[in-house]
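Order of writing sets the chain letters: A, B, C, D and E. Residues in each chain are counted from 1.
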Amino acid sequence: MTAPTPRVGRGPSGNGTARVPWVLVLPALIGLLFLLLPLVGLLVRAPWATMGRRIVDPDVLTALWLSLSTSTAATLVSLVLGVPLAWSLARTEFPGRRLVRALVTVPLVIPPVVGGVALLLVLGRNGIVGQYLYSWFGLTLPFTPAAVVVAQVFVAMPFLVIGVEGALRGADRRYEEAAATLGAGRVTVFTRVTLPMILPGIGAGAVLCWARALGEFGATITFAGNFPGTTQTMPLAVYMAMQRDPEAAIVLSLVLLLVSLAVLATLRERWMSV
Amino acid sequence: MTAPTPRVGRGPSGNGTARVPWVLVLPALIGLLFLLLPLVGLLVRAPWATMGRRIVDPDVLTALWLSLSTSTAATLVSLVLGVPLAWSLARTEFPGRRLVRALVTVPLVIPPVVGGVALLLVLGRNGIVGQYLYSWFGLTLPFTPAAVVVAQVFVAMPFLVIGVEGALRGADRRYEEAAATLGAGRVTVFTRVTLPMILPGIGAGAVLCWARALGEFGATITFAGNFPGTTQTMPLAVYMAMQRDPEAAIVLSLVLLLVSLAVLATLRERWMSV
Amino acid sequence: SGDGGGERTENVELTVMAAASLTDVFTEIAESFEEEHPEVTVVLNFAGSGELAQQIASGAPADVFASADTTTMERVVEAGDLDADWAAEHGEEGLVFATNTLMIAVPPGNPAGVSSLHDLTSEDVSTAFCADEVPCGTATGIALEAAGLEVAPVTLEEDVRAVLTKVELGEVDAGLVYETDVISAGDRVKGIGFPEAKEALNEYPIGVLANSESPERAAAWVDFVTGQGAPIMREAGFGTP
Amino acid sequence: MAAREPRTPLDPAPTSDGGLDADLRLSRGTFTLDVRLTCPPGEVLALLGPNGAGKTSVLRALAGLTPLSDGHVFLAGEDLTTTAVEHRPVGVVFQDYLLLPHLSALDNVAFGPRCQGAGRTEARRLAMELLEQMGLAEYASARPRRLSGGQAQRVALARALAVRPGLLLLDEPMAALDIGTRATVRSRLRHLVEGFEGATVLVTHDPLDAMVMADRIAVIEDGRLVQEGSPAEVARRPRTSYVARLVGLNLFRGEASGTTVTLEGEDGRGPVRVEAGDGHRGPALVAFPPRAVALYRESSGGSPRNAWRLTVAGVERFGDQVRVLLEGGLSLAADITPAALAELALTRGSEVWAVVKASEVECYPD
Amino acid sequence: MAAREPRTPLDPAPTSDGGLDADLRLSRGTFTLDVRLTCPPGEVLALLGPNGAGKTSVLRALAGLTPLSDGHVFLAGEDLTTTAVEHRPVGVVFQDYLLLPHLSALDNVAFGPRCQGAGRTEARRLAMELLEQMGLAEYASARPRRLSGGQAQRVALARALAVRPGLLLLDEPMAALDIGTRATVRSRLRHLVEGFEGATVLVTHDPLDAMVMADRIAVIEDGRLVQEGSPAEVARRPRTSYVARLVGLNLFRGEASGTTVTLEGEDGRGPVRVEAGDGHRGPALVAFPPRAVALYRESSGGSPRNAWRLTVAGVERFGDQVRVLLEGGLSLAADITPAALAELALTRGSEVWAVVKASEVECYPD
């Protein structure tokens, strides 16, 4: 290469301020608008006059509390079981891994009501596993708050697993190697290196999982039933309200939304901005 | 530091082969079992004798095709709108970003049926936006396959956005800086550097989005209705079958499952193992 | 809950599984029942009839099942889930305690000017029906057949409530729903009766379940629904036998 | 030290036409940078300084990756101060290479030309040419992960050159190169730079690289410019102990009065006098090379006018030389032959006379 | 070249007790490695070689990060061949540091001791001590991202030392260090190594580092061992042109017959004769330092018996020396003073006589 003439100035040199990349911002705005417009519809339609009275209804508070506690429990269970599962899928080799990876998505694709039926078939009092739970321990899972958690875990855990697996595959494995040379076994590497490095991914997965559990309806009503105070979560309450008074359903939905937004706005920025 | 005596051998030195990290493998196995057991329940309960006959039912094939095409379309739309949205949330600063990040989760938390109502309120014939679509262009969205896609995008896009945002936050931004010094503008950096680097995350997000769209029921039936051949997707067909003949519902679910597993097992390994 | 017998004086729970369309009336009836039987707490579990049948088949701890249609009740009967003693006395297929008639529902102002079942056949009138698989869909089919009409709906909804929502929001010009729904919707829809509706009465059967831990109380609930409950049912728009 | 004169608005930026004129002020955490650099067109400025001095920060600021809190960047008379990174005519080799992991070596190099609008084939042809010149043709299709450290660094170098930058920024571009490649790359860079109209800023820890390649040397310490000048100047008259070590000189600070400089003695041993080759008055620096120091067991009454009795603090061998570190009043290094070492039988703690001819001692104002 | 003798099962691994004995065979893509290394306890083995020769691969194999396809690793008589990475008593400094990005510098250093079961306080105390010794106490709480290149490398060094390894593997541990720190770290490493009972393998590109720190030098090229020996041996009698460049010698391959060695001439100019200081017969290498080459415009009939008429191919200045590259029959480098250069008025293409005394020419079997 003979001495090149250097370029000075490149392209239609900007006057300085970075231009807004419309190719990216425009679809982003459309997407955001699309996700939020329906919310506006709900807000417009909500019966503001009677709102206050409806919200303080103790049944609503019970359902809300049940929803929050079960979906949080479901998220915790999903974290405990799902993160190791994601790790196994991303970091180990075993025969049939490809199939197992696809199988993890089963609960995503199965219509939730069918999922609920499937859970009944397995864990119900006459179910494949449930009959032994019953005859040996006198345990019946369905129609208890535990059943709500089970239904939510079944439906929501795949979101966590797939999200975390994606994060694991995107992570630079050489840091794990470096930790191993420092004497860290696989478990230590996992907890002290891998986990912290994929924290944003786990955060995203947990948010998805929690939100999905919070909104879960079909599997819950089928597997856990719809008993106020025991298994009637907010989405079930919304469904019941829908039966007689669509406006009440909107109010309940808005309550659910507000609470979850508050939780997410508080937690997420903290979790994910590592 | 005075000359240290070096350690030779560390811990209960292994005989060589890496031991299985049970702390990780055990929960992973439990998690997997939990996700798969219900499937086993369905398989046991399925009416194998009449299976063949039920599957070749042309109505089933129509619903299946509709499901696959709409959920694929919904995933594409979500990619086009959602990836830029995720980018905006992860890579730009604007006032209220924190709130917007939380707002993206709205469709996750709203019960799908209410989501469907919300869509009707906005895009229906008398909706906030829909009335103009109708009076200006003579367009009515509800009860068309397009409405199915809209409902699926609404419900499934947040999965993509949140997943991709997590991947973006986990990515090393210095590579983007390096590309900028080579003359790449923000859009080029995005398409040629950021996108390829977070491909596993986008793959995971797209899988979640597709699966969620494929399994979508509540918003679809509310916003798009349920008409065989036009808007009756598999989950709707399953629900209808459930009312009359739970065994038929199980068969349909298994069909849906098999097809989606085949799709995922083929695509995912390719997408995600970058 | 109690462990058999049901002879205890302390509080006993009575679990009633009822179709979602019975939400309002059963909630009201339960309050009256509890007043009369202070030792009993009625626990209501509302869901679609099909889902309830599934739960019963899986051994749900319930005492009474009230279905929105006879087909679903038949499934429960076939599975042997009805209390044999009670069935022998009150009917093998359960006891029909309410009926519901179809009505045309139109949005307020009736934009398409619908006045009869025949108007629904017009191309310019968009219509929502229940799907064949659910009870109101069956009834719709019978009514249309009786009227000798062929109607092309734009959607076949999963339940009557969904039809009502579409009418309320004006997404369709008319829908076939139950009289009870028109009443509960107040002035958000307008109901139009039609003669063929009588041909397509929808029947609500109720029965005591084999799983019941206190069949006597369950039977008492059934009696109460058919007795003192009848006026409440009628007020909501149900027919009572 | 290049004193900073605050510029008034009436006194516009003295743009060295075609060259670089940068006044960089910024802070990163607790670290603050305040450096004024100029580099005429076609010249190479070597940036030296201890770890953490701010060399990488300077390059980042020049590239536009770290925003200035104050100051300016002019290149060829054009004001780039607020120009976006991607519009700056700058090529950068990063300290940790930052090759795009999903692209082959070839596509990494072709990336810049592509961004500048070159066609795919054209960009690849150019990239291949550069890779060939770097001796990496056979690795064209390899992913960065499969490259060794030195290979990766050469690809990074090729990538920076591929954009034909008006300003080339090199952050230790030779640190990972083997000695053969290093000579090749060095001469290739020099060759390039000779006919190159732009400016080059080269960060290096290797004084040899700086001496061979640079037209000017700038030394920064702790975010401030401490010395600037031609390589010969810097090599002969270091101003800080870092620079002195860099160029391999013994350096002391003292008060000159004629050819005699009085140093404050170390270890509280009282002042030490040094006779220098040339005279001066006031605060001064004195410097002399280790090889100018002769060691004797006994004091000899010869011509050299500097003779100090010192203690051996350590002995290092390198190549065919031995370096003796001395302390006790003055800390200095002396290079002698292994034969001389054996003859003197020096070990840690031995006392020796260190003798330096006055003509070998440089004295210059502080 | 160290010929490989295949070992029979009857001939068990000759474990140098307490030291390292490794026979590494593996392939990574198209690259194959086949190297046998030993390092007695307490000694430092410097691994040199051009970019891509396989130095990093050797270290990875020793650390257990890249599995061997064949061979063994013994350390202090213990067979580590199949030991998992985390159970090998090995400390590694990686070429790109690989500091854990989510931990502070302190916690990075404390990581190893923690893994070995030290308490949190204990581990941190040790880590702080090491950081202090590296002159990085004030950066203890900084994340790696905020560290400069050199600071990061020193933290990496501290981290590797913190596990008190029986085998220390250093991949260019000084490449990013400034000259002052480099001397400190070098002497610290040497100090450590002096009382250290384990073995150290040091990859470096700096011949000075190798000469000062290493007890033995191993040179690999293209995955094979090409030379091994003490620094002095390697420096005096390089066996490949890479090593010759490394130690700064002119090296030629020829056929010896007594003190006369016949080289094949370059550029098809016919054989060239070289007179060496000592005699030998058969294939031989001859080497002499650039500073032993004197340049003259006219042939002089003096005592030196080697005089070749060559062409100037280039001139490089460095430090206070000038290196003249010559070609035409023989390619060699000559170091002269700037004064001599000016006197000779050499430029590219000038013809000169290069004269070397036979006593300066080493001759040894190939």
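Structural remarks
Convention: a contact is a pair of C-beta atoms (placed from the backbone, for glycine too) under 8 Å apart; a residue touches a chain by one contact, two chains touch by 3 or more.
These numbers were taken from a predicted model, which means no experiment stands behind them.
With centres computed as the average of Cα coordinates, no chain lies farther from subunit D than C.
Two chains share more touching C-beta pairs than any other pair, namely A-B.
The centroid of the Cα atoms in subunit B and the matching centroid in subunit C are 36 Å apart. Centres computed as Cα averages put subunit B at a distance of 54 Å from subunit D. Here the spacing of subunit B and subunit E, counted between their Cα centres, is 54 Å.
Residue positions 10-11, 18, 117, 120-121, 127, 183, 185-186, 197, 239, 242, 246, 274 of subunit B are each in touch with at least two other chains.
Chain contacts: subunit E has residues 84, 86-88, 116, 163 touching two or more partner chains.
Shown for subunit C are the residues that touch two or more other chains, namely 51, 54, 165. Those residues of subunit B that touch subunit D in the complex are listed here as 174-175, 177-186, 188-189, 192-193, 196-197, 199, 274. Residues 113, 116-117, 120-121, 124-127, 140, 142-143, 221-222, 225-228, 239-240, 242-244, 246 of subunit A are the ones touching subunit C in the complex.
Residues of subunit C touching subunit B in their complex: 48-51, 53-54, 71-72, 126, 128, 131, 133-134, 153-158, 162, 165-166, 169-171. The touching residues of subunit C, counted against subunit A in their complex, run 20-21, 23-24, 43-47, 51, 54-55, 58-61, 161, 165, 168, 184. Looking at the complex, you find that subunit B touches subunit A at residues 10-11, 18, 21, 23-28, 30-32, 34-42, 44-45, 80-82, 84-85, 87-88, 98-115, 117-122, 127-129, 153-154, 157-159, 161-163, 165-167, 169-172, 183, 185-187, 190, 197-198, 200-201, 203-205, 207-208, 211-212, 214-215, 217-218, 234-235, 238-239, 242, 246, 249-250, 253, 256-257, 260-261, 264-265, 268-269, 272-274.
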